[in-house]
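Think of it as A, B, C and D in the order they're written, each chain with its own count starting at 1.
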Amino acid sequence: MPMNDNAEFRPKIVAFCCNWCSYAGADLAGSSRLTYPADVKIIKVPCSCRVNPMFILRAFEKGADGVIMCGCHPGDCHYSTGNYYARRRMTLLFSMLDYIGVEHGRTRVEWVSAAEGVKFSATMNEFVEKIKSLGKNVRLGDLRCRS
Amino acid sequence: MNKSDLLAEQIREISGVNPKKCMKCGKCSATCPSFDKMDIKPHQFVSYVDNDDIEPLTKSKSLWHCLSCFACVERCPRGVKPGKLIDAARQIAERQRGGDYLTPDEIPELFDEDTPQQLIVSAFRRYRK
Amino acid sequence: MQRIGVFVCHCGSNIAATVDVKKVTETALMEPGVVHAEDYQYMCSEAGQAKIAAAIAEKNLTGIVVCSCSPRMHETTFRTCAERAGINPYMVEIANIREHCSWIHKDVEEATKKAVILMRAAVAKVNLNTPLKPGESRVTKRALVIGGGIAGIQTALDIADAGYEVDIVEKTPSIGGRMSQLDKTFPTLDCSACILTPKMVEAAAHDKINIYTYSEVEQVSGFVGDFTVDIRKKARSVDMNKCTGCGLCQEKCPSKKTPSEFNRGLNTRTAIYTPFAQAIPNVPVIDREACIKFKTGKCGLCSKVCAAGAIDYEQKDEIITRKYGAIVVATGFDVIKLDKYDEYAYSQSRDVITSLELERIMNAAGPTKGHLQRLSDGREPKNIVFVQCVGSRCADERGKSYCSKICCMYTAKHAMLIRDKYPDVNVTVFYIDVRTPGKNFDEFYRRAVEEYGVNYIKGQVGKVCPEPDGSLTVYASDLLDNKQLRMSADMVVLAAAIEPSASVRQIATMLTASIDTNNFLTEAHPKLRPVESPTAGVFLSGVCQGPKDIPETVAQAGAAAVKAIGLLAKDKLMTNPCTAKADELMCNGCSQCANVCPYGAISYETRLVMGPGVRENRRVAVVNNALCQGCGACTVTCPSGAMDLQGFSNRQIIAEVDAICR
Amino acid sequence: MKYSYYPGCTLKSKATALDKYARASAAALGIELEEIDEWQCCGGVYPLGSDEIATKLASVRNLAAARDRGQELVTLCSACHHVLKRVNDDMRNVDDIRTRANNYMQLETPYAGETKVLHFLEVLRDVIGFDELKKKVVNPLTGKRIGAYYGCLLLRPGKLMAFDDPENPTIMEDFIRAIGAEPVVYPYRNECCGGYISLKEKERSKYLCLDITGSAKGWGAQMLITACPLCLYNINKAAGDVLPVYYFTELLAEALGVKEAADNE
């Protein structure tokens, strides 16, 4: 369904951020006053490997238009290896989602360290732009959740 | 936007240079082979663009003395690349007034039997629109 | 059903200027489970906390949501407050409406909307929170210091003086580090060795300090209070107990061609060597790569001349495994390689040197016995040019983005020392900025200019050309005179950028301590917790955390020691209660969770499982709460959904997702 | 080994030596240089302005021609090499330039920087190898002390040209060693000869060339080699009496024993 009024379209975006790097990176973006759209809402998880694919499916089911997961850079995971598991899981999940019509652009994994406030903000800006260009997500949505 | 701001914007766009990145170390001017001939020095070009002061640049003799040797581009520690700014200013100057520094009439007297084509071609590319 | 109180902080105007806090408070009252909501100027203040405590008592609250700054800032504050008021601290959740909302949005309506949603998500989560109780773990009363430079030595001394055992692991044959290579120190110009050597001796003699030189950390496991570390003691080929340090072996060693690391390759050393005269321990090592005996089987001269019979060609690397309560990283720095900066001709002329090489040349124990001379022909230079910021403050991949901080001061020192000892030598310093913040630092630099006549020119050097007559032509800018200079010099000294020691990456990985893009170790908080790593029990000392000079390094070393002592002084530590937990009714004992656990916290036991319609002996997963760090890898791997993470349960996170997407 | 070959204007007139000795040497080394059809002048200097398209089109045609032949493109003249490599990089990496150039040119297959541009020296180093080259030398130039003059265009910008270390290059020195001579390293080997300034300001160019030749001579060079007709011209005009300067291909042909045959062709 092409959206004609994209200017008005405010996507719902869920961002999972690991406690050690990305959440701190988001904090740094905040304390550096690096803006990004309010459409992004962050959920703190201890590690990117805590993100169950179920959570992402649930988000889309409940009407999210995009889901982004952020973790420590490969090799820098606070728990040594968590982000590697997360990366593998998300690769599989995203290609499956793409297959059923939730475009690749709606899902993203990004490594953001605690020092990368700039990167966090830039990533979120980019991601929101991308979701805006894709328009509203129409797949997976639970009809009961439609407003 | 007034004319000077517009020109400054244009020069930043053509050159792709962000003068804000300059830390004013002067390394560009340190090895510029044409430094002595320039009325506005390579490092000053960056400041002028940063201050949106473009008129003097388009009138500067320096435009015709830059050798495009890229020494300043290579050695700049901040990735500012003053040489690109000079070239952008030169293009603006040429676009404003048409060919200026070299006319075909001059060629015969500048020519000798060994002069390679490369020299004429390069000079025309750099000195005329 | 929970009875939740929502507390919205204004944070002065930090939040209230962008978020309509009243509206957030009002909306909160309509959320499920919320029985109380109020806003206040500063929730973290004494008065704010009193309001929370009062509401807990009055309204019988079971859960708290504070809408405020990042939980990284004040989560502990509010949890402690709740605990004092009688509810479990893990019933508190923070909605981050400052860093994640008010500070990054400008539009009040939009920011308020988002703040409401963040509040809702936190409320939704608290509705599912359960009280959690931290476990306890013991503290091993021993500290490990990695790196034996001035930072490591000072940290070790301070910890040891407090009465705790300390091990220093140093990878080179002697402690002393970079400071032992320096000639004089700024801004007082006292001799580096004169102030360092006593500290080295003190550390070596201290009955609580144990020094492992020529050793490296090989493996680290465990966690705060209870680290287990493998240290590889590399084979020294000399028996530490027998060697008397007479030095005869070094005199006789026929392999003399190895560049001396201590003298930055300016001269050579023997295969069996101590790096410098005051080395501690004063026991040589055999460099097996250079030793003729090891290369060809012949020679053995050192063994023949050693009256103590200390030479042991058969010695093997030894692995020592020890337990530690705290680990301090003090791995220090090196100067960058200059092969990417050949416009300065470092690789083309021996008379272009780094400042650290100049330290060795100026040092009475150095390769020129302290006589200032050119390495190419031994002549005394008449014109010396110093180039600042070589590889520092670079935006490209050739150099480092940061200011190396120490160069301005040591260059002023070098310039001054040279002018003092050789008044007829001209000294020119090319600078971009002279940065001298520090006590008596600017005065020091001004003295170099005013009293010693050092010629400071603002402008960077663009190229150094070695000339056939042995001189060096220096092309530079004089920005204040708007001139291009072409200056003849006979020695050029480059203030090369400093960078963290190459080994730090590996050490950081072993410790799961984070490092930044420049390989400096990251602090737990850049301002408020500058000597702690985000990894509990790991502390930072010296340049491994960022460029600093000796006084700052010593100060930080002391601070790191205090933090370590604070930890070691505890008998027990509270552990993070947000650990994984297996539901034995759902677990089928498949072992997948144990495979992904980085801490070996999951084991299996067969036991009687009873539930609705179930009564059988079955293999089920059991999580060791002391070992589990709560990453959650197992929860996602578990195919039957038996594994969940307390404090971040599936239901809690899904509730947050739902609240956000509502 | 077959390559597309782009000689450029000057090699067809004033710099025939650079061209003919390269061809003869290539043949001796088993490399076929196939001149692309209807090649056009590269423009001599790379247009730095990011909004300049017209001045880049000729280079794109040359690059696309090599692409259509399925070959890598070999160049000899430093300037052509510089321009082609940089335009190629633009076509590969700068969306705006690629789109506008392709829109204008309407090639059968749009061009997106597929061609690999090589300097003949890079072929010698990376394809043949200087050790192999050394084995094929029949007249080693033993005892000759040669200074390599790189100039600007071969090396800079270093990251983009990816030719050699822009501040401490070794490719020409290795070449000199391979043909049996002794390289002389001097600091001005990557400084500018004046380039096109010599058309209107001969004195300036002379000043720079005297620095170059003076330094090289001081360090013991008996001659210079270059890959650029304009460098050769400038140095010859300004300082030819200080040091002779040759195209590197001439010495290569001599070392490989094919110079006379090439002269007689």
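Please note the rule applied: a residue touches a chain if its C-beta (ideal position, glycine included) is under 8 Å from a C-beta of that chain, and two chains touch if they have at least 3 such contacts.
Keep in mind it's a predicted model, so treat the numbers as computed, not measured.
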item: Reaching chain D from chain B through chains that touch each other, fewest steps; value: 1
item: C-D compared against A-C, more contacting pairs; value: A-C
item: Mean-CA-position distance for chain D and chain C (Å); value: 48
item: Chain A and chain C, separation of their C-alpha mean positions in angstrom; value: 30
item: Between chain C and chain B, distance of the C-alpha-averaged centres to the nearest whole Å; value: 46
item: Contacts with 2+ other chains: residues of chain B; value: 31, 71
item: Overlap residues in chain D, where contacts from two or more other chains coincide; value: 167, 191
item: Overlap residues in chain C, where contacts from two or more other chains coincide; value: 343, 463
item: In the complex, chain D residues that touch chain B; value: 8-10, 13-15, 41, 43-52, 55, 77, 79, 152, 155-158, 166-167, 191-192, 194-201, 204, 208, 229-230, 233, 236-237
item: Parts of chain C lying in touch with chain D, wherever the complex brings them together; value: 339-343, 345, 347-348, 463-469, 473
item: For the chain D and chain C complex, residues of the former touching the latter; value: 165, 167-168, 185, 187-188, 191, 215, 218-220
item: Residue ranges of chain C in contact with chain A within the complex; value: 70-72, 96, 98-101, 103-107, 110-111, 113-114, 117-118, 121, 509, 512, 514-517, 522, 534-535, 578, 596, 598, 629-633, 635-637, 645, 648, 650, 653-654, 656-658, 660-662
item: Interfacial residue positions of chain C with respect to chain B in the complex; value: 343, 389, 393-396, 398-399, 432, 458-463, 475-479, 482, 484-485
